[in-house]
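For reference, chains read A, B, C, D, E and F in written order, and residue numbers begin at 1 within each chain.
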Amino acid sequence: MKVITFGELMLRLAPEGYYRFTQVDKFGATFGGGEANVAVSLANYGIDVAFVSKIVANPIGDAAVNSLRRYGVDTSLITRGGDRLGIYYLEKGASQRPSKVVYDRAHSSIAEAKQEDFDWDKIFKDVDFFHFTGITPALGENVADITLRACQEAKKRNITISCDLNYRKKLWSKEQANKTMSELAEYIDVVIANEEDAADVFNIHSTASDVTKGELNKEGYIEVAQKLTEKFGFKKVAITLRESISANDNRWSAMLYTDGKAYFSRTYNMHIVDRVGGGDSFGGGLIYSLLMGFDPQKTIEFAVGASCLKHSIEGDYNLVSVEEVLSLIGGNASGRVQR
Amino acid sequence: MKVITFGELMLRLAPEGYYRFTQVDKFGATFGGGEANVAVSLANYGIDVAFVSKIVANPIGDAAVNSLRRYGVDTSLITRGGDRLGIYYLEKGASQRPSKVVYDRAHSSIAEAKQEDFDWDKIFKDVDFFHFTGITPALGENVADITLRACQEAKKRNITISCDLNYRKKLWSKEQANKTMSELAEYIDVVIANEEDAADVFNIHSTASDVTKGELNKEGYIEVAQKLTEKFGFKKVAITLRESISANDNRWSAMLYTDGKAYFSRTYNMHIVDRVGGGDSFGGGLIYSLLMGFDPQKTIEFAVGASCLKHSIEGDYNLVSVEEVLSLIGGNASGRVQR
Amino acid sequence: MKVITFGELMLRLAPEGYYRFTQVDKFGATFGGGEANVAVSLANYGIDVAFVSKIVANPIGDAAVNSLRRYGVDTSLITRGGDRLGIYYLEKGASQRPSKVVYDRAHSSIAEAKQEDFDWDKIFKDVDFFHFTGITPALGENVADITLRACQEAKKRNITISCDLNYRKKLWSKEQANKTMSELAEYIDVVIANEEDAADVFNIHSTASDVTKGELNKEGYIEVAQKLTEKFGFKKVAITLRESISANDNRWSAMLYTDGKAYFSRTYNMHIVDRVGGGDSFGGGLIYSLLMGFDPQKTIEFAVGASCLKHSIEGDYNLVSVEEVLSLIGGNASGRVQR
Amino acid sequence: MKVITFGELMLRLAPEGYYRFTQVDKFGATFGGGEANVAVSLANYGIDVAFVSKIVANPIGDAAVNSLRRYGVDTSLITRGGDRLGIYYLEKGASQRPSKVVYDRAHSSIAEAKQEDFDWDKIFKDVDFFHFTGITPALGENVADITLRACQEAKKRNITISCDLNYRKKLWSKEQANKTMSELAEYIDVVIANEEDAADVFNIHSTASDVTKGELNKEGYIEVAQKLTEKFGFKKVAITLRESISANDNRWSAMLYTDGKAYFSRTYNMHIVDRVGGGDSFGGGLIYSLLMGFDPQKTIEFAVGASCLKHSIEGDYNLVSVEEVLSLIGGNASGRVQR
Amino acid sequence: MKVITFGELMLRLAPEGYYRFTQVDKFGATFGGGEANVAVSLANYGIDVAFVSKIVANPIGDAAVNSLRRYGVDTSLITRGGDRLGIYYLEKGASQRPSKVVYDRAHSSIAEAKQEDFDWDKIFKDVDFFHFTGITPALGENVADITLRACQEAKKRNITISCDLNYRKKLWSKEQANKTMSELAEYIDVVIANEEDAADVFNIHSTASDVTKGELNKEGYIEVAQKLTEKFGFKKVAITLRESISANDNRWSAMLYTDGKAYFSRTYNMHIVDRVGGGDSFGGGLIYSLLMGFDPQKTIEFAVGASCLKHSIEGDYNLVSVEEVLSLIGGNASGRVQR
Amino acid sequence: MKVITFGELMLRLAPEGYYRFTQVDKFGATFGGGEANVAVSLANYGIDVAFVSKIVANPIGDAAVNSLRRYGVDTSLITRGGDRLGIYYLEKGASQRPSKVVYDRAHSSIAEAKQEDFDWDKIFKDVDFFHFTGITPALGENVADITLRACQEAKKRNITISCDLNYRKKLWSKEQANKTMSELAEYIDVVIANEEDAADVFNIHSTASDVTKGELNKEGYIEVAQKLTEKFGFKKVAITLRESISANDNRWSAMLYTDGKAYFSRTYNMHIVDRVGGGDSFGGGLIYSLLMGFDPQKTIEFAVGASCLKHSIEGDYNLVSVEEVLSLIGGNASGRVQR
């Protein structure tokens, strides 16, 4: 079984702890990005996974590539070149103060990549699963075109395709997103979203639920999943449900909708260490479950359990093993010391 | 609009995280002090504010001055000279273990300052607002006299005067405080206190409420504010209400009493990053609101929202913008990531 | 009054904060071990206490010895020699992710010590109290024999003996533990355990209570204490009661059973800084209370208060004073800043 | 006396100590840039100096501005806006391994600034001295045009203009540099260069001296200065002379050519802490000397002494006082402790 | 071209900077070991290289494996299992104070490995070069036997074998070393040593040169190489020549003896950042040169240049590229900033 | 053999590495002071040594005491009480930039101590050697009186007395020093000084040698020692000879004058890690040699070797063993790694 994820890998610059940007003279310098995060998740689960992107050929790019290699992701398919590595600055929030992300990702190598930078014959050789997020086509029309080409090439080879909608309003308008993502949607088998994404990207709304209030509306989520399925023919729709009590405390669960039925996971009360990459770790857990052929309930429990654990881990990457996720979803959520 | 704050700026030496004094071989070295903290708050809100003090003319004093300059406070009115910079050592508490402050502030330059160190004609040129705290006159009789002189000079120029009572039992007795503060009270327009301060300094008590139990008694606070107003003729009395669940978790709200009416803010359940400077950030928010002419309810909400955010920030200084405070008091308290 | 504790002191290597082992390039390097932790507790309470062990004669061993000396533990009775200092790697858990301990303690100097390494005449000169844990005899048959000899020598001199059962499944089987500990039990006056220990070591079970669910069963604990007392003739049985909400939040209390009566402490809701050494700090508090002759209720309150505070402190050692514990058990649990 | 410096301020991201880019997970995050560095030098000497640039209006830009404000540079004339803050990554070399700079400065706010971003009437009010470097016009034709405009406006007001040639081959070709700098040269009173700059920018060569061999050729430098003076009519030409023994050890001196005479400074054997900003600190010292009206020999000694000290200081900014420079050039170079 | 290196990978625990073991509460935690260091060198030069060993299957072992994977070493042939990862503690010396290494490597997984842990058919598939050091057989008779087996299997497949003698007196006696290494010598094509190694392991002495005095005796080295060649039939003998001025300053050069002729490299005056791994980086450079078919003079220059650069890099691993080594040996040793 | 040292222990606050005071937001927080430094030296050599002082009874004072206890100094004779712990801020110099010390030691507990704070009967029980420095009597007339009393009490008991002159111009004038030290001199057996001290304190000058030029004048030192001996009847005079090349590089040697003869040590070229405490470590080595009865040449070599090593160690305390010093003075100064 081999998986390809395709997207942008960025340098993440973040003050330590809860310091604000203007207080510090050091930034934690790690790496992350939606599809790279999924790749690391899968590598940690023992899956053969390669990350595909274009990354600048300088020592900063080397460090980015090394960060994936370190956790076992195949980086041999990455194209090296272009001008720069995209950056995002992250300030961790606390209590009522929200986390803050400042993007400096324009003109990155992947954002200015061209069709000829990627040899899909080589990339998709013996591949079973292809994953990308809505961020990738949002990087520019050129990248949207490359993504479309990737989907077409994958589909030709009967590769299952998953996409996390991940709408980013700073990258494109809802109209642009709708147009591009609707075109890509026809290739997608498994879609991952939160309720906002569905509304922002596909203009699909449920009747109730206001995320800023932290209330859940199960029926609304089922409704959204049904509409998405009807409109685009997705085989599976997974929706993550985050209730934000504060920057430190969130409730976390999700729903998998497949074959006309909805499966809700248990809900975790999480005390957050690092929230960024939480959605990606859900994607990683979901893809793993699908590759393993877990039943729908176990699939959604594994994906939610995996991402619950991610919230306890610093950095974008989810560094947990299959055993750790299984232990959690098996009921061991008390956090007792393991000796 | 120009504001002057007057008081002591100290070096704050604190072990990182939750380490105890006796465990570490490094101290975080930042700066803070009641009136300096208010000045930084105001500078962050875009107000033209100068901090007035006497600070030792050596590199440690330079660093103290730079810490204010960095955040936009005018430091050109600070007198340089004297023997030393006052110090406070801070050990952050956790759970049932309280935070601990060890003072080493005696003999600081400001504590040994003289009347001639300050040229109030120059300092109060074009000034609208003057702020100090009860800590300043407590530094010594000389400083109490200087403070009295400052109040008289301010009053002559129709400058509004605010004072945060901030009773410190290690600096003076209740009797000393009562005598000195009663004399200063006649110049003060806006007084900031917590219930204990009013009792400690002015021997004014409410009927109920035991702070160590973390219970609130709204009627009691109104009663205290009424008595203060009656006795000293304050135009506004602001009382902060802290309920301490543990060193990590506090509830936080406040009351503004003005024109015979009491306005209570909403209450925040705070997960604390750094509690020191919490009261000062309230003062900063209150003064800003008064300068902006906010109505009483918005005034108290802004002041409490500002200080709520301070509790999520490391160090004495409150590094938040007007926009961030307005967003919080506008209802956005869920701590969701801002991208 | 003089106390001896006997056991292993290890190097503790731990990533900072909540980082995982595989993320970091630095380990916090401190020292700890059940009986050494108790010794530090007692030294902080002003008790004359010596730690007895065998520690490698190289700079790493020197650093281990220094760590005790620093906090006032008498280290002059430690035998220096052997091959290595045992190590334990600690990864702090958060939320649903449990803390993880990886042991690398085999072949340590104490694990390979011999009878002739210890001169009990010298060690027990003028000693009143002797403490060890179930970990020490589990280090090997040689160490079990040395421990037996120590108990015999102590008994000869009318020294009170306490033992914290502390069952470690990675060190020995339940059968081995039962055999060895049963033999040692006849010398023990005060036994400390949690419900699991009693079951694991002595096969003594209560009727109800499932620790993984975080529920308490007071009757069950009394039952266990009674059975232990009946079987081994312990003078006092202390059982700690931990309810694990998550890796960050625990509830903590304990019971002292003596003279046929059970005394339960109040329960603390703890926000955890460092959970390791929590049980040892209970032992330290208990021994202090016994040495001071506190009544049973104050004894158990002091022991639980002391260990509650330990959970707010980084590292194995409990660095609190008698005054701090008394303040907490006197009702001051709100964590308000002490100026 | 007031000075304006105009150019780019960048975020400097650098591994600590001598670590390579690919080894670390933290970057020191400070700020620097040729003209900003000169401004900080001057502020430390007590000169009223403002830095002019365009800086992005986000918290990263705020931190950049604060870094200047902290050291007393007037930042009120900075235009806020645009897309991003330029970055340079710095890896400090050691012994035979050279320091490495990776630029990521394209598309910064200043690189995409427009004429209307700067109000020269306001900027040059009461100004005596204007400084920029050859890096600024190299940022793009738009910035070259703005720089030309600045020179014209300065000249109109009889403001003395200095320029450090600072040729950067990654920013423009020698041909572009020659064309643009020749046009600007007619406005420049004081030019600062090293031998390579004169060759690279103006195609002016001396007969001997090969910098990679670390040999000096005094006659050659005089020759270059003469030719520059003849060709462009500069009033003063200052040439820095660096002999690189290794990344840790450099020899450092300079020559000032004025009124047809050359003045050489003493030479310092420097053990380097941070070499970046070394040339800028020379510029800062030179401008200070000119403002003070030092004689030519003292001028060049002050500039070289100031930059010698800079090499012992971390970061781009030269944080030394006039007294420290005077002490050094007065002969106190033994590094004895000052108590 | 594929290379295998075989040996032990250890956890390296080192105080930061020049701190002593007993001063710190943090250890830098990186990984290293003779053959692993060579593997990383080769991976950085773009060579396909796998490291073979047995490493404990716990998170500490995972981190060790990741450290190689990060820099591109193939780790898929490592056997996972056994009891522990070997450790070495390193205290960096300065000036007259020597660096200090404390080993805690007994009972590591590789030291207790068995023949059946390694499948040489799989390991040596398509391999051209095999490298080990004298440390590996010194780990125990079992490991000496495995190493012998590896040499036999390699020889069968016409794989070139290199060995760095690396005598460690704490691991075995000269007699044991002589016996075992003499047996292995018959398989070795390329031997790397310093003068002491040849004397310690093979009892081969030159006439002059006392390493503690820092004097070189070129004739003596040639003599040693001749004797080694005569006795064991090595094809190439490389001898490194370290002159230790102080812990901070060393002179460094080497000799390659091949086909009856000796080739001496230039000598570098190195200001040392981290001396550990210096010899291994020489081995890495030598093997690279041999694989590339460089002529003898370029071979020894590359190997010495590579290891010269290593001395400027923190950690065991030599993180330099072919381009950087070529630039140095091409004459660019002045350490000038590369922009 | 038991030694008492008497003086002040201060908190040392120092930026890491070569950062300036105004750059950092953390200070290394260690402890030091002339006589405490000597005590730690002696404890490391295995001597039974107690430090006597008055130290404030708060957690900062606890940490100071612990710092001595950690390295084996007996702290049981320290009086706890008073107002504060003295502080010195240290900025490490580099190259031509000198280290800078800012004192904040006034009003410390020892500086305000009284005769009754010290029970010399108890302190001097079974003591052989008493050491203090000229800093102690300089703290104030009260402390000078206490020091005189200590000398008288010591002399009564035939305790050998040593004193390091250590003139500090910020503490007293040359006149004050002369008066007080001359009175104390009659009790002193062994005096330690540098040439400046003798001139500053006793107005004793040699004919030549200018320390700022880094030249030595052996005859001058002998002359000074002779004059000191003649005037005060010292049994031994030790003079340290520092030649300061730069803040990084010093030459270091010393002379012992006894029984009318001068013994010069070898000279070390030191690359400095931390120069503070260099003189104290000389005193520690000298006292150790005297206690051991080394001959004069070995005495001065041991003292100089010990202090040479101190310059390679961070912090005030000299953390070296007898073996390390003996190895160095035995000729092993090449800094080769010890495995």
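FYI, a contact is a pair of C-beta atoms (placed from the backbone, for glycine too) under 8 Å apart; a residue touches a chain by one contact, two chains touch by 3 or more.
Quick caveat: nothing in here was measured; it's all calculated off a predicted structure.
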item	value
Matching chain pair for A-B (criterion: over half of the contact pairs shared, by residue number), options B-D, A-D or A-C	A-C
Chain copies touching (chain E, chain F) - same or different residues, decided at half shared	different
Euclidean distance of C-alpha centroids - chain C vs chain F, Å	42
CA centroid of chain B to CA centroid of chain E, Å	62
Chain D, residues touching no fewer than two other chains	17, 20, 22-23, 25, 66, 71, 100
Sites on chain D touched by chain E in the complex	17-20, 22-23, 93-101, 103, 168-170, 211-212, 214, 244-249, 275-276
Touching residues (chain side chain F, partner chain E) in the complex	17, 71, 268-273, 308-309, 311-315, 319-320, 324, 328, 331-339
Sites on chain A touched by chain E in the complex	66-67, 69-72
For the chain B and chain F complex, residues of the former touching the latter	13, 20-22, 24-30, 58-60, 62-63, 66, 83-85, 87, 89, 91, 100, 102, 104, 106-107
